[in-house]
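These notes open a run of structures that come right after.
Below, subunit A partners subunit B and then partners subunit C, in two separate complexes.
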Partner chain A sequence: MIKIQDIRDAARDMLAKGEVRAVIGWQRGSRGMAAEPVVINAPEQADGLVWDPTCYHNLSLYLVNDKKAQAHAKQKPTLPIAIIAKGCDARSCVVLMQENYFRRDDIYIIGVSCEGTGVIDERKLAVALGGVKPTSAAFDGDDYVVTLPDGSEKRLPAREVMADRCLECREPFPKENNIALGEDKTGRALEAPFAALARFEQQSEAERWNYWQRQFDRCIRCFACRSVCPMCFCDECVVDSIEMKVAPTTSAEEKASRVRWIERSNTLADNFGYHMTRAMHLAGRCIDCGECERVCPVNIPLRLLNNKMEREAREQFGYEPGASIGGPSLVSSFRDDDPGTWIR
Partner chain B sequence: MSDTQSYEPRIVAFLCKWCTSAGADLAGVSRIQYPANVTPIQVMCTGGVSPMYVLSALRKGADGVLVSGCHPGDCHYIEGNYLARRKLHLVKELLGFVGVEPDRFRMSWVSAAEGAKFAQVVRDFVEDLRPLGPQEKVKADRS
Partner chain C sequence: MDKLIDKARLSDWITALADWEVFAPALEDGVWTFKAAGEAVSLGHTNVKQPPKDFAFPQREIYFSFEQVKGEPPRLTQKLPAEAKRVVFGVRPCDGRAVPRMDRVFNDPQFPDAYYQARRNGLAYVGLACNRPVAPTCFCKSVGGSPVSSEGMDVLLTDLGDRYFVQAVTKTGEALVAAADKLFVKASPADKKALEKTHADAEAQPQRAIADAAGAAKKLKANFDSPLWETLAQGCIGCGICTFLCPTCHCFDINDEVTGTAPMKGNRVRTWDNCQFPDFTMHTSGHNPRETLGSRLRQRVCHKFQYFHENYGMLQCTGCGRCVSECPVGIDIVNVVNKVTENVA
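Presenting the complex of A and B:
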C-alpha cells in the first residue's frame, strides 16, 4: 500500500532541490470527504498532500491549464512541473505528449498505482450509505474505510462502490512515469473490459435511440464535460460559434452567414451534434478517466460513447489510446487492412 | 410535405473533386438516368470530410448522406481516402450506436470513369432510404 508520507517526501524533495517548479497533487477539500486538486510550489506545502479513494480528479487537466496560463503570461518555464498521476492520469499525459502538447521533459510524473482498488464513485457511495455523507475515506487493502459524521468507521468492499471505469481498468499502474509508488497490479481488471458497453449493445436500435434521445434531451449544455477533459485543450472549440472574430469591417452578411456547426441552444438536434462531435474528437484520445461523466450535473452516460469509440479503435484498428508517446494518432493514420467492406 | 406528395429521400453528397465529381459528370454527359434526389457538394478530397459535415447535414434535415471519392490507391492526395475510410467508419458506428439508422450514411468509391457506377450508387441509396422514411430524429426543429 502506498504510504502518503512517500508521496509527500517525493514532492518535498523535488521542490527543495529545485528540480521542478511546482507539484500538482491532491489536498483535503472543503466539500466533505472529497480530496481537491492543488498546485504546490514550496517544500513545506508537501505536508498537505493526500492520497485516498477520493482522489478521482484527473490531474493532467491542470497540466493543460498550467500550459495555457504560461502561454498567456508569455512565460517559458525552464523547470518541469510535476504531477501525481494514477494509471489513467498517466495515460492522458501520454496522449498529450503524443499530440505534442508537451515534450516529455516538460513534465515529471510521480506515478501512484491504484493497486487493486480504484477510486470511489460518489453516486454509488451515496446509495450504499443511504445518503449519509462521510467525512473521509481511506484505502485498506481491497476495502475502503469511510468515516461517518458521528465519528464511526464503516468498511466497504471497494468493488461495490468504486467507479465503473476502475472496475474495468486494465492498467491501474502508471506505466509512463519518472518515479512510481505502489505495487504494479496491471491486469487486475475486476470486470471484463467494455462490460457495461456490451450490456448496453444488447438492446435493439429502437431501444438505443429511445435511450439516447432521452439522454441528449436532458443535456443542459453546461459544458462541464468539456471543461474537465484534459483532451479538450483547443483554444477555440467548434461549439463556441460566437467566437468568430468580428472586426469593424466585418459585414452584416458575413456575420449572418458564419458557419454554425452546432448551435448553443440545448435542443435535441444540437445536443446530438455536440455529443457526437465530442465523441469523434475524443476517438483514440480518450483514456477513460471518467471525469466527464463524473462532473455531469444531470448524469449523462458519456462513458458509453467514449467506450464505444475506444473499443472500435482497439478492435478495428488495433489502436490503443495512451499506450505510447511516439506514433501517429488514430485518425491521422491508417492501415491497408482497415475495414472497408462497408463501403460500396 | 403535403399528404398527396410521396416521400422523396433527400441526399446530401460530398463528392471528391478528382474522381467522383468527374464520375457524376460522366453519368450526366452519358445521359445515364438516375434519381434527382442528390444535392452534390464538391470537396477537394474525402479525407477532408469532417464528421461535422455528416452530422450537420442530418441536423439540417438530410434523409441520407453520401461521401464518395477515389478508389483506394487512386487518391489525388495519395492517402486522403484511407484517412476518410477510418474516420467515417467511426462516424457510421457512432450513428448506429445511438440508434440513428446507420444506413442513412453511405460511402462509396467511384472513379472518374465510372459514370454508370455513380448512377447505380445513387439509385441503390435512394431505394435503401425509402423504407426508412423521413429522417426526423436529429433534424433541427424550426417551428
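Presenting the complex of A and C:
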C-alpha cells in the first residue's frame, strides 16, 4: 500500500531541488470527508498532501487550466509542473500530450497506483450508510475504512461503494509516469470493461429513449460535466461564446447573428444538443475517469454515453484512448484492414 | 391558529386542496425534486436538490415572441404567465427564508418584474421545520436563520412523531388549512409544549459557524484585493453548480432564440445566468473584468455577504449548504468567508 509519506517526500524533494515549479495534488477539505485539489509550490506545503479513496478528481484538468493561465499571461515556464496521477489521470495526460496540448517535458507525473481498489462513489456510500456522512475514508488493502461522526470506524467492502469506473478499471496503474508509487495490480478489476453499459443496453430501444429523455430533461446546464473534463479544453465551447469580439465596426446584424449552435435555454432539445455534441467530441478521447458523471448534481449517468463511444472505437477500430503518446489519434488514423469498405 | 394533523392524513389534506396545484418532494433517479403531488405524499426528504426557486423564477422564461414579415413592422406578443394557485409542500426553512430575498429583488418598488409577480401571486409555501439539520453542511443559524424559521412560509409544519404541528403564518396559510378543516385538531397545551421542546432541541443542534456574519460585509469590503481570493479558488472549475442550485441566486441573461427566418420569428427568452461562467461579465470588446476564477468566487461570496447586505440590509445567503455539499471540488463558502474575514479589524 502507498504510504502518504512517500508522496509527500517526493513532492517536497522536487520542489526543494527546484525540479518543478509546482505540484498538483490533493489536500484535506474543509467540509467533511472528501479530499480537494490543491496546487502547492513550496516544499513545506507538501505535508498537507493526502492520498485516500476520496481523491476522485482527475487532476490533469489543472494541467490544462495551468497551461491556459500561462498562455493568457504570455508566460513560458522554464520548469515542468508535477501532477499526482492515478491510472485514469495518467491516461488523460497521455491523450493531452498526444494532442500536443503540452509536451512530455512540460509535466512530471507522480503516478499513484489504485492497487486494484479505486475511489469511492459518494452516492453509493450514502445508500450504504443510510445517509450518515463519514468524516474520513482510507484504503485498507482490499477495502475501505470510514470514520463516522461519532468517532467509530466502519469497514466497507470496496465492491459495494466503489465508483463504477473503478469497478471496470482498464488500467489502475499509471503506466505513463516519471515515478510511480504503489503496486501494479492491473487485471484486478472487479467487473469487465463496459459492464454497466452492457447491462443498460439490455433494455429495448424505446425504453432507452424514454430513459434518456427523462435524464436530459433534468439537466440544469450547469456545464460542470464539461468544466471538469480535461478533454473539454476548447477555448470556445459551443455553449458559450466568449471569443465573440465586437469592434466599433461590428454591425448589429453581426452581433445578433453570432453563431449559437445551442441555445442557453435548458429545453429538452437544447439539452440533447449539448450532450450529443459533447459525446461526439469525446469519442476516442475520453479515458473514463468518470468525473463528468461524478460531478453532475442531478445524477445524469453521463458515463454511459462516453463508454458507448469508447466501446465503438475499440470494436470498430481497435482503438484504445490514452494508450500511447506517439500513436495516431482516433480520427487521424487509417488502417488497411478497416472494416468499413466505403473508406477505400 | 395552532393545529395538528395526523401524518397519515397528509395526503387527504393535499387531495382537499382541489383549487390548488400541489407540489411536493419526490425521489427520482436518486434526486429529490419538487414534483406535482400524486396520491401518496410523505415528507421524508432531506432537502431537495434544487430549491423551490423555479416556481417564481424559472430557469427559462419567454418574455415575448416576435415575428416580422420582410418590409412590415415586427409583431410582438407578450407571454405573461397566467396567475395560478400553486402550493409547494415540504419547503425547508433555509429555502423559505430565500423567498423574501427573491421578492425583494423582483418586487422592487422601482423595478417590479411582471413575470416574477405573475408567478409569485397565488404561490404558497408549506414549510417543514428541520428537527435536526438535514446535512452536515447546513449553517442556517450562522446567517441569522433557524432550522425552525417560518420566514417566507405560509404554513409551517413541525414533525412531532406521528403528527405534524401546523402553524398558519399568513392569510393564505389559514386558507390552506381551512380548505380541509375537519382533518385538523386543535393543539392542546401539551402539544404546544412538545412543539417548543422540539424547536428548542432543533436550535441546539450544532452547526458550522461563520465567525462574524454580521461584520462580514465590512470586512469583505476591506479585503476586496486580498490574494486569498485566487488561492481559495484554486480548485474551482468554474461550473454553474453553486449558483444554479442556490435558492437566492437570481442573475439572468436575455437572448433572442430564432425559430424561423422567413418570416423572421422567435422568442425573447430570459434564462438564469451564472457568475461562475467565463462569459458572465464579458464585455463586447472582449475585455472581461472578472476573468479569473478568484474574481468570480469573490463576486459570488461578496454578493451574498456584502453587496446584498449593503443594498437591502440582509444577507443573501440562507445557509442551505447546497453550494458547499454540491461543489465538485470542495469550495466551501463558510470556509471562504471565515478565511477572508479573519484578522480584519
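What we mean here is this: the second predicted complex is superposed on the first by the 331 of 344 C-alpha atoms of A that agree within 3 Å, B and C clash if a C-alpha of one lies under 4 Å from a C-alpha of the other, contacts with A are read in each partner's own complex, and residues count from 1 in each chain.
By our rule, a contact is a pair of C-beta atoms (placed from the backbone, for glycine too) under 8 Å apart; a residue touches a chain by one contact, two chains touch by 3 or more.
If you're wondering where the values come from, they're calculated on a predicted model, not measured in any experiment.
Trainee: Pick one for A:D240: touches subunit B only (first), subunit C only (second), both, or neither.
Mentor: So A:D240 only meets subunit C here.
Trainee: Return first, second, both or neither, reflecting whether A:P297 touches subunit B, subunit C, both chains, or no partner chain.
Mentor: A:P297 contacts subunit C only, not subunit B.
Trainee: Of the partners subunit B and subunit C, which touch A:L148 in the superposed model: first, second, both, neither?
Mentor: After superposition on chain A, A:L148 lies in contact with neither partner.
Trainee: When the two structures are overlaid on chain A, which partner does A:T267 contact: first (subunit B), second (subunit C), both, or neither?
Mentor: Both partners, subunit B and subunit C.
Trainee: Is A:M280 in contact with subunit B, with subunit C, with both, or with neither (first, second, both, neither)?
Mentor: first
Trainee: Once the structures are superposed on A, label A:I2 by its partner contacts, choosing first (subunit B), second (subunit C), both or neither.
Mentor: So A:I2 meets neither subunit B nor subunit C here.
Trainee: Should A:I325 be classified as contacting the first partner (subunit B), the second (subunit C), both, or neither?
Mentor: neither
Trainee: Tell me which partner A:L61 touches in the superposition: subunit B (first), subunit C (second), both or neither.
Mentor: second
Trainee: Mind sorting out which residues of subunit A both subunit B and subunit C touch, each in its own complex?
Mentor: Residues 263, 267 of subunit A touch both subunit B and subunit C.
Trainee: Any idea which subunit A residues touch subunit B in the complex?
Mentor: Residues in contact with subunit B: 201, 205-213, 238, 261-263, 267-270, 272-273, 276-277, 279-280, 283, 305, 308-309, 312-313, 316-317, 330-334, 336, 338-340, 342-344.
Trainee: Write out the stretch or stretches of subunit B touching subunit A in their complex.
Mentor: 51-52, 55-56, 59, 72, 79, 82-83, 85-87, 89-101, 106-109, 121, 124, 137-141
Trainee: Which stretch or stretches of subunit A touch subunit C in the complex?
Mentor: It is residues 29-32, 34-39, 57, 61-62, 72, 123, 131, 133, 149, 214-215, 218, 220-224, 226-228, 240-246, 250, 255-256, 260, 263-267, 291, 294-295, 297-299 of subunit A that touch subunit C.
Trainee: Along subunit C, where are the residues that touch subunit A in the complex?
Mentor: 28-31, 33, 46, 49-50, 59-60, 135-137, 234-235, 237-241, 244-245, 253, 255-257, 269, 271, 274, 277-279, 282, 284-286, 288, 291, 324-326, 328-332, 334-335
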